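Before I ask anything, let me first share the structure, which is written out below as structure tokens.
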Amino acid sequence: MSKDVKGTYLAQSAAAKAASEGAVSDADEGRSQEASAQAAPAKSQRKGSRTKMVPVPSTSIVPERDADKDPVLECRHLGIDFGGLRAVDDFNMMIGRTEIAGLIGPNGAGKTTVFNLLTKVYQPTRGTILLDGVDTAGMDTAKVSKAGIARTFQNIRLFGSLTVEENVRIGLHNQVKCGMWSGMLRLPRHWVSEKEFHDRSLELLDVFHMANNAGDVAGSLPYGAQRRLEIVRALATNPKLLLLDEPAAGMNPSETAELMDTIVRIRDTFNIAILLIEHDMDLVMGICEGIAVLNFGKIIAKGTPDDIQNNPQVIEAYLGKQDTDQGGE
Amino acid sequence: MLKNLNKTTRSNIITYGIVIVAFVVMQGLAMAGAISNSLVGLLVPICAYICLTISLNLVVGISGELSLGHAGFMSVGAFCGLVVAACCRGIVGSDIVRLTIAILAAGAMAAVAGVIIGLPVMRLRGDYLAIVTLAFGEIIKNLLNNLYVGKDASGLHFSMESANSLGMQGGTILINGPQGATGIDKLSTFASGFVLILVTLTVVLNLINSRTGRAIMAVRDNRIAAESVGINVTKYRLIAFVVSAALAGMAGALYAMNYSSIVPKKFDFNTSILILVFVVLGGMGNIRGGIVSAALLTVLPELLRFIGDYRMLIYAIVLILVMILSNNAAFQSRLTSLREKVRRRSDDQAALAVDSQSGGASHE
Amino acid sequence: MFNHGVSRRSFIQLSGVAAAGIGLTACGGSGSSGNAGGSASAEGAIKIGGIGPITGAAAIYGTATKFGAQVAVDKINETEGKTVLELNWQDDEHDPEKSVNAYNTLKDWGMHVLVGTTTTAPCVAVSTETNADHVFQLTPSASSTDVIGGQADQDGNVTIPRKDNVFQMCFTDPNQGTASAKYIAEQKLGTKIAIIYNNADAYSTGIFRKFESEAKNLNLEIVSTTTFTDDSATDFTVQLNEAKSKAADLVFLPIYYTPASIILKQANQMGFAPKFFGVDGMDGILTVEGFDTKLAEGVMLLTPFVATATDENTKGFVEAYKKTANTEENPNQFAADAFDCVSAIWGAIKALNITSAMTTQEICDKLIETFASGTFTFSGLTGENMTWSATGEVTKDPKGMIIKNGVYEPMDAAK
Amino acid sequence: MGFLTNLINGISLGSVYAIIALGYTMVYGIAKMLNFAHGDVIMVGGYLCFISMTNLGLPPLVGVLLAVVGCTCLGIVVERLAYKPLRGAPSLAVLITAIGVSYFLQNSALLIWGANPKAFTSVIPLPSVSLFDGQLVISSVTIATVLVAIAVMVGLTLFTSRTKMGKAMRACSEDKGAAQLMGINVNSTISMVFAIGSGLAAIAGVLLCSAYPTLMPTTGSMPGIKAFTAAVLGGIGSIPGAALGGVLLGIIEIFAKAYLGTQFADAIVFAVLIVVLLIRPAGLLGKEIHEKV
């Protein structure tokens, strides 16, 4: 099945710039013998040089409106091994600046692992992650967050003993600065920053109409509200890319519908890219522009919702082999 | 009036209030000679233990790390403080100024120790961190047992071998290895202890309710989530650890200068555990509870003196019982339901009273 | 990993417990503690306070002094036919802080004279308090010079000024160090000396320091000096191996008898049989229940008290002690020192016609004058014709003892 | 020869630590609590054996047996009364309770047996083995201690891997909830672990006192802390780890005293522990548990 990746030429229509970047990156990975190409940073494009260009498969697509800008995220040959197990292998993906992308796949396909790699909860065994063109190699989770990736968690990870507002304030940690001494000695800087913390967190909570819950203890909130709070907290870090790990889990259909609206609204308001993992196909097909399908740690397809719904490999991955011929509908 | 403030501020004001009222009452009683010598003698140690409890609470309750070596920082502060106080003898006239300088120096020294210990320790978690703090506490004790400091006309002399190798002429030995420090000027007073509590309390409460404190609590509540919002986990764990060490050092100096002599043996594992007991009984992260429990548990063994031989046995039983009663789920739920019942009854009565007053038309 | 599950209620409940405690104290009043033989508060009795560890690792010493003092008080009251002395013993857990607390408790009780404290480090702290309050203090066993103050070290540095109200019943540490070195040199007991001492203990380190410098003066060769701490007082094989490899023929042990008993056993196991020389802390080694006294055969020590002595006083004391303490074990020198403390104080009180009507300070003045005069002599269990000097030190002869067939025998030509 | 002597002494001391550490690690592995009262159970075991031998005049083997039975019962009772009500409570609450139990046992012993130390007669009444013309003397206690330590470690390993009860213990150690769902009685399993741990403590107490023959109410506390250190050094929760950690700690302690000076021996022992933990944060044989994200 691993060989099939090259077969998915869904992305031939991707923007020229993105494709050429992909080409350079492949050269970097050692396919080309030229030392100069290996040493060159991925970004530099030597237009005058006589490097021999070869066509390479790309598995990525981005929305047309983002095509002339740098993609916010680009993964190249990303992979991690746990012991002998290749949990994620040769993961290639590109996300446009304002794209709402989906990452789906059967249980255990490695979706959350991909999130953990992107946020450096796990250090990748191989491959490159470019965030807004910047290589995140050597960064830890905190630095990645500062660089612009925010996330929520599949099993909710709020600061349970703190209030809703405090949770958001902690999200704003790197947005509003105030040193230890200012806080300890209550210098003017502290009061200024506290006001800013307060105003901005209430503003953010308003996105989910949670301003009234600001004083509640986060751990005591109902499940759905906790999920929403996690999103607010992630947004507070002022990300370029928001990773949502099963945002609709445990929600009823009407809540899910509302969530779909909110996700789109977040993208429109904050002008950021969103990558979400979700099992609720109505949500994924409803709002995701590009969808990547992961199976056994590898992307088996990336395309539009229509492409994915009709892709035989995807159907096989989800339903097993016997149903292959039904794939065409 | 209090109701208008937010919950945290209100709670903090109550905490400060309790401390101030307690000080005023005790000071008044002491000046009027209305309390026993035994209690008067306990005032400064109680102040020191309260400061230690508040500072340890910063690590155990707020930062969520188990530290078993708090007495180590206390001892660093204690011995540093008394050396500094001795150096100031004759240079600085006022006792209060001397005490202040000594306590500040003690805090600085303990902070340095906190950084030296904290840097490696912060790589570990949970029980492994606990054992390493224990180990550092023992190492500090062992080093202090071999530390000799003397002062003569030419300045301070240090040695790790013996008092004889200090090479002094006609000076005084300030720290004499296992014999510890003797001839300490008793500079600590109840008032200075009270001020130190206020300082400790202010530092810790301010820290908790600031950007830094929220980051520390975020790391405690969920390390991975804290990292994911861009918080440098090691940095904030270290801040909590070092601030706590510095405050413990200051309390140590206060404690040491309440006695004419002090030995390194005092600052052993048992003292660390004692402070930890204060913190846990007061409620982890609960600063006010810690203050109350430190004061009560310091007095309790003294109150139990009349029992004689069975004193420490009773103390142990009290400790176990309190822990079980305050943490046993079944007992707690029974207590809650009992409280509910009482409240309902009083509510009923209140409602009844209102009903009778307004002729049963109170409900719209 | 620790969440804050410990509820806020815990301290409320705790306060309840403490409140109950306060209530109890109110009921109990400040009665005397321990099995004080039903000493009801008597009119006109002189109140003697005692401090020593009854719990914790040093409880042996505090228990011994407590019962020793109790035996003396009971005996005196019996002789006088009425309660003339009252004893209140307080525990200090061998901790300076707790010791000062105990002292304050005794002050509240209305103590006239303090017998204590038993162990050195707490005593240094308490003696400063008694000095400030002007309460007469006679310590049975706190042997450091810091207790009495005013002593210069060999460089002539005086760290602590003399506390004029504090006197000792035991030898000071330097005295013992000097005496031991002299004894060894004069009797030519050994040429190659190994020392094992507790470097986390004031008493042990104090004796060692003096012994070391005195040995230099007397040209005794110290071939090995090793230490241990209370935390590592279980295994002495390294220290003994070091001594053995340096061919030491005498091992000086300025330590208490508990670790000493292990040292003797381990030396025996490894087939190392030098002479062992101890100081007064070694006394008691024969009383350890289950101790194979054969191991202590030939051990020499300086001690002022021999429980197996056959004189009437000692026999009477040992018998009374066993009854009071409800034990089968012989009292050690700590108990005898405490007994002597009370007896000496009573002697002075009687001679001076001191009554409980006097203030503690007046009593203190009178007792200081008497003890510091140099003419007040006292004969007790731990020495004949003892006198005290204004420095607070006692003058009595150390008895050099050697253990033979499981009992002490005076060493020849004891100085 | 000095080296060899030191090594043997180190192994001897280390074996005692190992047996204590094994008890620590068993309890920690299943109950996930630091049982600070473990050292005091050792002391009780020592006293029980002492009484049976000295006061009741029973043969050593019966004394050991009585100590084991007594401590096992003590362990079960303590678990029932003090720890069981705290199932599910925060681990620090349990830790403080364990400290309370430790104070309780120490002070009870003080009241029952008095403060005077007892000189323990070795339970192995055999002569020392002398090698190389008496240059190397190995006491019979040393040999017995090492053998018992090995036997206990092997026994425990087999017990946890082969028997039904042992497997239930491992299941509880991994996941109490799941174990319960599989029909394992978690409560009785934890009681069982305390029983085994306390029985081991009794054996450790007897051997500790045989090798270092002073018995006091505080006898257990320092070896308890050292053994806890040893268990962490080896990786707490791991049976071979505890044995390895114990022996290593003993050797380090003796070598530090012998070659680096007795003054700083304690500091060196703990410094080694710190260095090991910095290199291997979960101890020598411990598994590092990654939090699942």
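We just call them A, B, C and D in the order they show up, numbering each chain from 1.
In this section, a contact is a pair of C-beta atoms (placed from the backbone, for glycine too) under 8 Å apart; a residue touches a chain by one contact, two chains touch by 3 or more.
Because the structure is predicted, anything quoted here is derived from the model rather than measured.
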Of all chain pairs, the one with the highest number of C-beta contacts is B-C
Most centrally placed chain, judged by C-alpha centres: B
Taking each chain's centre as the mean of its C-alpha atoms, give the chain farthest from chain B. A
In whole angstrom, how far does the Cα centroid of chain A sit from the Cα centroid of chain C? 74
Cα centroid separation between chain B and chain D, in whole Å? 32
Cα-centroid distance, chain C relative to chain D, in whole angstrom: 34
Flagged in chain D as touching 2+ other chains are 89-90, 92-93, 107, 263, 266, 293
Taking each residue of chain B in turn, which ones touch at least two of the other chains? 60, 66, 125, 127, 138, 142, 146, 224, 280-281, 284-285, 309, 312, 323, 326-327
Going by the contact rule already set, what residues in chain C reach two or more other chains? 1-6, 54-55, 199, 229-231
Seen from chain D, its contact residues with chain A in the complex are 293
Within the complex, chain B is touched by chain C residues 1-11, 13-15, 17-18, 21-22, 24-25, 28-31, 33-34, 54-55, 90-91, 93, 95-98, 100-105, 107-108, 121, 124-125, 127-129, 144, 146, 149, 153-161, 198-202, 204-206, 209, 213, 229-231
Which residues, counting only chain D, touch chain B once they are in their complex? 28, 34, 82, 85-86, 88-90, 92-93, 95-97, 99-101, 103-104, 107-108, 111, 225, 228-229, 232, 236, 263-264, 266-267, 270-271, 273-274, 277-278, 281-283, 291, 293
Which residues of chain A touch chain D in the complex? 112, 116, 121, 153
For a test of understanding, state which residues of chain B touch chain D in their complex under the given definition. 60, 66, 120, 123-125, 127-128, 130-132, 134-136, 138-139, 141-143, 146, 223-224, 269, 273, 276-277, 280-281, 284, 309-310, 312-313, 315-317, 319-320, 323-324, 326-331
